[in-house]
Each structure stands twice: as C-alpha cells, then as structure tokens.
Amino acid sequence: MQIAITRSSICAHAAHAAVEAAVAYGGAIDKAVVAAVVDSSGDLVALLRADGAFKPSIGIAQDKAYTAAVFGAPTEALSQALSANATLHQGIALRPGVVLFAGGIPIVVDGAIIGAIGVSGGSEDEDRDCARAGLAALGL
Amino acid sequence: MQIAITRSSICAHAAHAAVEAAVAYGGAIDKAVVAAVVDSSGDLVALLRADGAFKPSIGIAQDKAYTAAVFGAPTEALSQALSANATLHQGIALRPGVVLFAGGIPIVVDGAIIGAIGVSGGSEDEDRDCARAGLAALGL
Amino acid sequence: MQIAITRSSICAHAAHAAVEAAVAYGGAIDKAVVAAVVDSSGDLVALLRADGAFKPSIGIAQDKAYTAAVFGAPTEALSQALSANATLHQGIALRPGVVLFAGGIPIVVDGAIIGAIGVSGGSEDEDRDCARAGLAALGL
Amino acid sequence: MQIAITRSSICAHAAHAAVEAAVAYGGAIDKAVVAAVVDSSGDLVALLRADGAFKPSIGIAQDKAYTAAVFGAPTEALSQALSANATLHQGIALRPGVVLFAGGIPIVVDGAIIGAIGVSGGSEDEDRDCARAGLAALGL
C-alpha cells in the first residue's frame, strides 16, 4: 500500500531572491510595493515591504500569494473562472485569505506548483508586473 | 548601508484638539458624531464620542481614519479610484479596518501624511464637514 | 407594569477633560500613557494617547476602563476579590476585554457607576495615579 | 500649536539583510528558523523562513519582533520586568501579538528604537543568537 505522496516547495533562498526582485522592479517604476512568497501549502516563506508601501499591502500581498498557491492559478484568472456565477464568486471572495484581483501568480517548476508570489501596492497591472519580475529572478 | 527612514506623525495635543472641534461642529449642526484621529501608521491617538452618537460609529470613525491614513487619500476618493473594477473595489472593501464611504481625510503637513481624521454619525456630507472642521482647528 | 429603568452615563465633555488630565499627569511624572473613558455600558467615549506611549497601551487602557465599568470595581480590587479561587481568577482574566491589573477605576456619582477610566503605559501605581488625576479633573 | 512629531523606522534594505543574516546563522548552527523584522510601529518589513522551520514559527517570529518594538525591550527582559507580579505578567502575555520568551530584540540607532527583529525555531538561546546575528549584519 502506498502511504505517502511527495510535493515540491520553493526553498528559502529562491523566495528571498524573488521578493527582492519584485520590490526592486516596483522601485524602478516608482511604486512602493510589498512582495510575499508562499510555499505549496500557502504558508509564508519570504516577505519584503518597500519603504513607504501602503500598510494594508502587507496583508494583501500575502493573501494574493496564498490564493494563487492554494488554487493553482493567477488571482485574476481565478476571478475570471468564477465570474459566470455571482454567488460562487462572492462566496469564494469571502473565504479567509482569498484575494481575487491581480497580483498573485503560482510558481511552477516542471509542471508542479511549488508556491506562489503575491505583490500589492500599485495598480493591478503594476502588481502583476512586479510579481513577474520576481519570477524572472528565478529564471521562470 | 542606510538603516533608517524618518516619518512624521501627528502629536497628541493636536489630535485632542481636532476630535474636539469635529464633535463640536457636529453639535452645531445637530448631529451626534464620533471623531477619531490616528497617526501615520493608522494607530489611534485621540477619540471623542458625542452624547447620543450611534454605538457602531465608535468603530466606523476609527476605520475611516485608518483607511485615510494608510492609503493616503480621503475614503471616498479611494472608493472612486477603485470604482472602475468591481472585484478590486469589493476586495479592498473587505480588508480589515477599511471603510470606503466619506468621512475619513488624511492630515497632511508639508506634503507628508502625518495621520488622518475619521468621523461617523451623520450623513456622508455631514461626516466630511465635521472632519474638515477638525482639520481647520489645526490650521489645515 | 414598569417597563424601563434609567441609567446615568458620563457625558462627552467630562470624558474629554478626564483623559486630558490623566495624560497630563503622566507627562508630569515623565510617563507617556494612554487614557480611555468608557460609559456605564463599557463603550468608549474618549481616548488620548501621549506621544511615545506603548502601542499596546491603546488597547489595554480601553480594556481597563471596560473592566472597571462593567464589574463596577477598580481592576486590582476585582483581581483581589477573585484571588481565592485560581480557576475563577483565570477564567475571568481570559474573558474578552477583561484586564485584572491596576489602572482601571469606576466613575461614581451619587452612588451610581456612570462609567470608568483606564490608564496604561506606566507601572501599576503610576497608571492608577494617572487615572485618579483624571477623576480629580471631574471633582471626584 | 505643534502638530507633528518625528520618528525613525528601519528601511527595507536593512531589514532584508537582517533576516537573511539571522537565518544564515541558524543554518550554521543547524537550526531552521524564521526571522522577522518590524518597523517602529510593529508592522512587518521583512521575513524569511528557513527550509524546514516549524510552521508556527512564522507567527512567533513576527510576534517576538512586534513585542520588542512596541515595548522597546528584548522579549525576555520584558518578561523579567513583569515577573514580580503574576497577574500583570499573565495579563500582558495574553495581549494580542505579545510574546514574552527570548528571541525578540529592539533595533536601536542613536538611542531611538527604529524597529525590532524576532527569531523563532530553536531554543531561546539559539533564537536570541540568531537575532543578534541579524543585528550584527547591520553593524549593530
């Protein structure tokens, strides 16, 4: 009988580099952002808040990363997938830790979700670009 | 390596004067309101509840002040800025401590946000007018 | 059939004066404190935080005032009254909003509890002295 | 009337370096720890979780940093200062975000508390040593 399954998760070193790159990208476009990386369980691995970033972004960045990791989809793609059913969309939006606007992106290696990055502090497009900069620092 | 950044925050004396003036303005227009002033981190510095003010206004006034301080914008201006995107607007509205209707105004000195005042108990226009009376007491 | 009872509660003007006096007394003994006044239901009426007061004191001052108002006794007298029974003492200490160390004092007029004042930021003795200074400003 | 006071807070760059150094020190003594740095208001600036660190350490590290920042003392020194009074000690221990065992240390520059570092995952001595390694990376 098989007893265990194996899961891959992002390591601390990579998460540290990713939040640094995401915050640096924000600085380059003059946006003070918070970047957070969670593992495949949605638990926090690394976080960095730029000087002057909105205080609520500390929580929003973590929740975007959590949402992307545990549903395995970018936050706005999840929102889009739920959009045909307003009750479902709202019901998921109200779950603890769920954020349905852009800025959370899964981190995928060899087809497996190993975590996610979430960014908050700019517009949805800016947050997504910062998150992608974080992934780019990992060669993804 | 640079270690620290500097931030200004409203002092107790000014906050005490502002909540007094905001509540007095409410009295002059026959509205029992709660006024709260928070520092630049969104933490409470002073609060005053007029006799007969709605009990939930104790929390709403604080949340309006918090929202205006941490996002650096009047609460209704923040709501307006998010209004083009229903998912984003609802997502921010659901964050802890966030209020998106009128009555929260940042306190700005020399271009820096040093805190905010929030008022609750009247209509949105009345609350905003009370908050402005609080700022006027500081010469702002 | 009697339908209603009447209760007296501290008014906004008095509460504002009391927190100002309590914080001023703290300043005179070089302690940055938070002072809070609640009504006879334990709901916040006025609060003032001295520049530099510990952030957790914002909540502790309110909880001391709440505890003194709703149990009708100074916080340390309540603790003393419960001290013979450790399970009871701990059980009350764990209730939401309850604080059992010194610094919360009921406000009593003509034998009726009309509210309470709570102070936090110094030692127990200093907090109690600040609270008494708040009462003294009301001629109590 | 004076309106504002000025406060210094740790910047993102320094916080990022400190959590990296604290986690690296943990690795050198074979302990997987979480390190968190908060600003002078107790709000999170940077966090890093070593591979394999206990999951609750994510929260404990943040709470240690919060406690040290908002009370302006190492967590175990605060515990020691409260130890003569069991009711007070327990009362403070129960406040939200407060941790009273070793591993949280204020970050002080020119006599001002600009934030704090908290580490969790090892013994109290190991956590404190990791936190000190984080400070050492800032030349403190």
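Per-chain numbering from 1; labels A, B, C and D assigned in written order.
One rule holds for everything that comes next: a residue touches a chain if its C-beta (ideal position, glycine included) is under 8 Å from a C-beta of that chain, and two chains touch if they have at least 3 such contacts.
Model, not experiment: these values are computed from the prediction.
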If a chain touches chain A and chain D alike, it appears here: B
Interface with more contacting C-beta pairs, comparing B-C to A-B: B-C
Between chain A and chain C, centroid-to-centroid distance (C-alpha), Å: 44
Inter-centroid spacing, chain B versus chain A (mean Cα positions, whole Å): 30
Approximate Å spacing (C-alpha centroids) for the pair chain B, chain C: 25
Multi-partner residues of chain D (at least 2 other chains): 5, 11, 41, 43
Chain contact topology (line, ring, star, complete or other): other
Every chain pair meeting the contact rule: A-B, A-D, B-C, B-D, C-D
Complex interface listing, chain C residues touching chain B: 11-12, 15-16, 20, 23, 43-51, 55, 58
Parts of chain D lying in touch with chain B, wherever the complex brings them together: 1-11, 13-14, 17, 41, 43, 107, 109, 112, 114, 138-140
Chain B residues touching chain A - in the complex, by the definition given at the top: 5, 41-42, 70-72, 85, 87-88, 90-92, 94-98
Complex contacts: residues of chain A adjacent to chain B: 51-52, 54-56, 59-60, 79, 89-90, 93-94, 99-101, 124
